[in-house]
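In what follows, chain A forms one complex with chain B and a second complex with chain C.
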Partner chain A sequence: MAISPDVLEKLTTEEDLPELDLSWLNPQDGHKVTATRVRPGRRGLTLDEVEAGREVPEHSINYSLRPRDARGRDNVPRAGMYYPSKSDTWSENSRLLYEEAVQRQWSSATDIPWNTIEPLPDDLERAMCQLCTFLTEVEFIAGDAPGQWLPKINPDYYETKLFLLTQIMDEARHLDVFRKRALANGGGLLSEGQSGPALRSILDAKDFTEMSAIMHVFAEGFVQSLFRTGEYISQNEAEKTIYRLCAQDESRHLGFGVMHLKYVVESQPWRREELHHYLDQVEGPLSLDIQFGTSAATPFFDEAIIILAGGGRKNIDVGVQRLLAVRRRQINEYMHRLDVAGLPERRDRMNVVLKAFLDPPAN
Partner chain B sequence: MAQEPQTQGPDIPEDLVKIAQDNNIPLDLVRRALALGFPAEAVKQQLAMPGVTAEAAEQFISQQEAMRAGGEVVIPDDLAEAAKKHDWPDELVKRGLRLGATAEMLISQMDAGLRPDQAERFITQQERLRGAAQPGAARSAEAGEQALDLSWMKVPTEWGIRVRPGKKGLTVGALNVGTYGDIPDYWPYQTEMPRGAYPIPGVPAMGYTIYEKAELWSDNAADLYEEAIQRRWRPATDIPWESIEPLPDEIERAMCQLCTFFCEKALLAGDTVGKWLPEMSYGYHEVKLYLATAEFDAARHFEVFRKRALCNGGGMGIQSPGYFHRAIIDARAWTETSAVLHILSNSFLMGLYQLGEYVAHSEAESNIFRLCIQDTARQLAFGLGHLKYFLIRKHDRREEVHTYFNKAEAVMVYDDENDNVLREALIILLGGGLIKEQILDGYRKLEYFKRRWVRDYLARLESAGLPERRERLHYSLKKYAEEPVAAQAA
Partner chain C sequence: MTQGGVKTRASFPSTEWFEAVRSLVNSDEQYRRIGTCDAVVGVKVPDRQKYYLLTFEAFECSEVKESTEQEVDNADFWLEAPFEKWKELITNVKDNGKADLHHTLNTIDLEDPQGFARSRDGYKRDLFYRFNQSFQYFFDLSSKIETTFPN
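Coming up: the complex of A and B.
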């Protein structure tokens, strides 16, 4: 039912009514209402459905918290300084990834079959607890880092904000599930990890794309490849479930990072060399870790994997070979992701230590 | 090709047999490579390289065998030239060759910039691991163990913890047993080390600024975290969107205006808490965990209200004046942020959600507001829990807390007075339309809801240990505050 301008006029001039303006009701736009109703589809009412036909601006001078498509007011104080360009923070898959994240949340308290964990030989339990201590550390860095970027992302590109908020939730759950595993089977937490300098590089990033390339594509890529080889290091169904569910979450984070990188490469081609510089930096410290499949900076982590993958301290040779296989997988998957992002030349300029693990390119 | 019998030497894994046969490499050569200590995985990789021939493999293996037998390692001329150019000592090059690196590989690494000191480090490790990777014999297993550091196995953390799942599963709070339940008043570590782990020297600081428990803690954080996860909901599929029917224009626009307001608030909450997370040290992970769920709430609230605004022919409304946002963004201590965001702002939001549920025109709207009330109740509980904890331990900062509320209440009132759009939207929703009687009814009801939220706000502060706020409330809000006796009677 359309709004009558006459009714509004009368209401705003009635003496025994509270002071009213009502101009925001826009009676002249009444025909627009009901023209754009959206119904839920097969996957419910998704962001893609409500945003269909709506434009996302390439640039924005919105410095307030005005949501996209809302009408602005004069004299609104600035809420912060945001990235002004879509390219700075955008990823084409963020709506999809956000919806998927909301659908695929899980509970470490009730979705892990904790009762399948049986007492393990001491060396295996200690190795698992060391790995869990390490993962507890790295997962929360990955939660803190997106948090610090949220106030810099323009509300006009809210999809990125929403995705990062789900990532913060995911990382909390990861921290939580690995702490639970460490304390669930007669073990405990062990030594602080040695990956501090690498983790610091994530927090040190001065640009969103830099952070995303380092954290989403590189660091989370390596963690994801590790989770996907969970069968090497799992001793029971609970651990397999943990790695599977964490890998599922990490896939989204990676997906965002790869597609953001792709968007930047395509829309800001002049940044290509800059992107390589970020990767040069991050490949440097880590590459020192993985020469010949062993670690210079994180031996605790590698040793835990060697023992878990080998099945104990007496099978170090098998463990070393499996660690090598994990490394190889990590680096080849990393290169594949960079191919997808539009940086195939990384194959040639990848740090020499990492490059040694690369398979020949597929024809 | 006929299957070559396996005779002397180590067994060859089946997959390696296949790769060797596919590349026409005699199995005897493979067996000799394994006997030299090359891991099967490494042999597989070498065989899979393009251009590998039986002749080249034979030459390489023979060289290696000669070296192991004490023969002189000869550095090829091109490698010697490259080593000289890059300052790699001959001995280092020979150690690389002994490990099985080819001349081409070493030249390539030198040309790519691998420094001699880096190479020394890796070659040493490789030598140790090569000892470790000797397959089979007990001697090799011992050598393997010796090649590893394993100091992490012996750190003096509490060992023997076995927390079992309870009625609510395996919860975060249940993990706080033994020394893992010791939550110190001051967290001394600047790194990402989790509580209960053993610190190592040399780890860089991560730049946190909050190290004192009283500055961030709330006793209910762990429980709220688990509750938030158990009560998660999905706007896309848990809201019966099809129940939303076309509404009169003024009602639809008013609802869209309210949704726009909620979207802004959600953006504000997400940005604000996000900014504080990296400030909080890791000793208090329960708080960080709970706040992560509050971040997820913020995302979901933005999503559900944007969807509501866009799904029924309306659209986004007009932005709010935005002054109150700054009271939250500008906070320079977590306690200030939490007091203003979680208690003051969320009390107001809670009142609006209750109002929204009261005026809901469909099951969808009713569900949206009910679920948001549930989420916001957790945030209020966290904020109140933190304020209570803070006030008990920081007696001398009570006045400071009032200063935060003084400022925030004043700016909130200013914002409210300047937001005629939201006020009118609420009146229309509460009254049910634009007829004069409806407007008057809506106005009366809005006054009721304002009294209700001010009353609830004060009751919450009283429960957190700040009953005197009733006397110090902003004068524009005081008129809505009932006297305690009257409130009890009501």
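Coming up: the complex of A and C.
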């Protein structure tokens, strides 16, 4: 096909350069490129290193996607209505936890020694599968909940956004690894739970701190204990590894929540009563579980733990004793974390059923 | 750990024993792949009046040293058990190449009503769980040492 002379001329003639703005190269505020360069440390080039000495504003009127420290522009469309204060979503360890999460990722496909799983007695296999069914269900909530809050995190507090994104990845992996375990040895997914008010309330939270207090500190604290219990009652190396790795991930989420709560208590002390109200709402349903011996999440959940902890249905008594020992540990650790967060008075205000498990305070 | 084909021998508890494990960990690519680990961990063998501090930084165990009980109390958390329990743990690791199902750090922790991992700070004790795979790997590597136990 012949090329027309006009097209040929265009292709062979250099076009005039368009007039460029280039104002960004020489901003009016006179920022200079200095010789200060950030070098990687022992952990590589981390956020803590590049952000060292940089201030995080206490308040922000940023409603666009302007990254912190970038110059704003006029006439930029708003991208969202974000929380305006640092206290609303900040946690002092979010950079550290983000980097740690990235470094300590693992794969359910290749990091679990699946070949160590061997046929188990039916009661133990079904109990493990019931536990995994429950945990798979719980992980849907644990992933959905932080996802709901991402659009409300101000770009000026991007560290929180990054941390929540790692949490979502962690929860995706937990969801997949528990499903794999349920399907890997013939037991399969068993009974769906009746997701009780404590779990549903995480999704219904109306405020970030409310969500963090009840999900990160309360629920994930208890799930972390549950994962450690899972490791304790595991029947093979594969399950040991699954629960150990999941407990690690959960501890990061918990760590974010404790430090967020601490930041709120210190920077917005007038919210103390509000925080207790959130905890009142979630302690109640758990206390009912303990009183009546069933879980709000699923009546079969505690029974599965009892069977596994006792080593089978013939040792129910042993299983019950071990479950109660774990419960005591859970509640004491919950209180210790609230001490760190700056809510020591929770010891007196805790739901009476839970309070019965508390050890005397350390001197 | 072999040096010129000879396995390292060390007595537990001693700084030499922890140094030997530290050396193994710091030259182990698999340990690095677990990810960063940052914690100051105490070890208490109270019935032998022996106390140690292990410092984990980034991808290595940067320091081990004998210490006082008071210093160990200020660690992020400490692992505390009587000598016979430590001996059982280390012997089990040696016999199996790694802790068996009943001797992992977490299992020992949950079996002890007072806990194997203890701390004065609820947030810092969570480091035991947050980096548990790294700490388990540390103690599992002791299978490569010829450990002796004083009477």
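Just so we're on the same page, the second predicted complex is superposed on the first by the 329 of 363 C-alpha atoms of A that agree within 3 Å, B and C clash if a C-alpha of one lies under 4 Å from a C-alpha of the other, contacts with A are read in each partner's own complex, and residues count from 1 in each chain.
Quick note on the criterion: a contact is a pair of C-beta atoms (placed from the backbone, for glycine too) under 8 Å apart; a residue touches a chain by one contact, two chains touch by 3 or more.
Everything quoted here is computed from the prediction, not taken from an experiment.
A.B. asks: Here chain A is shared; do chain B and chain C fit on it together or clash?
C.D. replies: Overlaying the two structures gives chain B and chain C room side by side.
A.B. asks: Would you sort A:39 into first (chain B), second (chain C), both or neither based on which partner it touches?
C.D. replies: So A:39 only meets chain B here.
A.B. asks: Determine, under the contact definition given at the top, whether A:358 touches first (chain B), second (chain C), both, or neither.
C.D. replies: Neither partner.
A.B. asks: Once the structures are superposed on A, label A:79 by its partner contacts, choosing first (chain B), second (chain C), both or neither.
C.D. replies: The first partner, chain B, only.
A.B. asks: Which of the two partners, first being chain B and second being chain C, lies in contact with A:103: first, second, both, or neither?
C.D. replies: Both chain B and chain C are touched by A:103.
A.B. asks: When both complexes are superposed, which of chain B and chain C contacts more residues belonging to chain A?
C.D. replies: In the superposed model, B touches more residues of chain A.
A.B. asks: Could you tell me if A:325 is touching chain B, chain C, both of them or neither one (first, second, both, neither)?
C.D. replies: both
A.B. asks: With both complexes overlaid on chain A, does A:199 touch chain B (first), chain C (second), both or neither?
C.D. replies: First partner only, chain B.
A.B. asks: Just checking: does A:313 make contact with chain B only, chain C only, both, or neither of them? Give me first, second, both or neither.
C.D. replies: A:313 sits against chain B, while chain C stays out of touch.
A.B. asks: Once both structures are aligned on chain A, how many angstrom separate the closest C-alpha atoms of chain B and chain C?
C.D. replies: 9
A.B. asks: Give me the intersection of chain A's contacts with chain B and its contacts with chain C, in residue numbers.
C.D. replies: Residues common to the chain A contacts of chain C and of chain B are 43, 99, 103, 105, 325, listed in rising order.
A.B. asks: Of all residues in chain C, which touch chain A in the complex?
C.D. replies: Listed in rising order, the residues of chain C that touch chain A are 34-36, 38, 57-59, 101, 104, 106-107, 109-111, 113, 115, 120-123, 125-127, 129-133, 136.
A.B. asks: Which residues of chain A touch chain C once you look at their complex with the stated criterion?
C.D. replies: Of all residues in chain A, those touching chain C are 41-43, 99-100, 103-105, 224, 228-229, 231-232, 234-237, 240, 244-245, 247-248, 250-252, 254-255, 258-259, 325-326, 329, 333, 335-340, 362.
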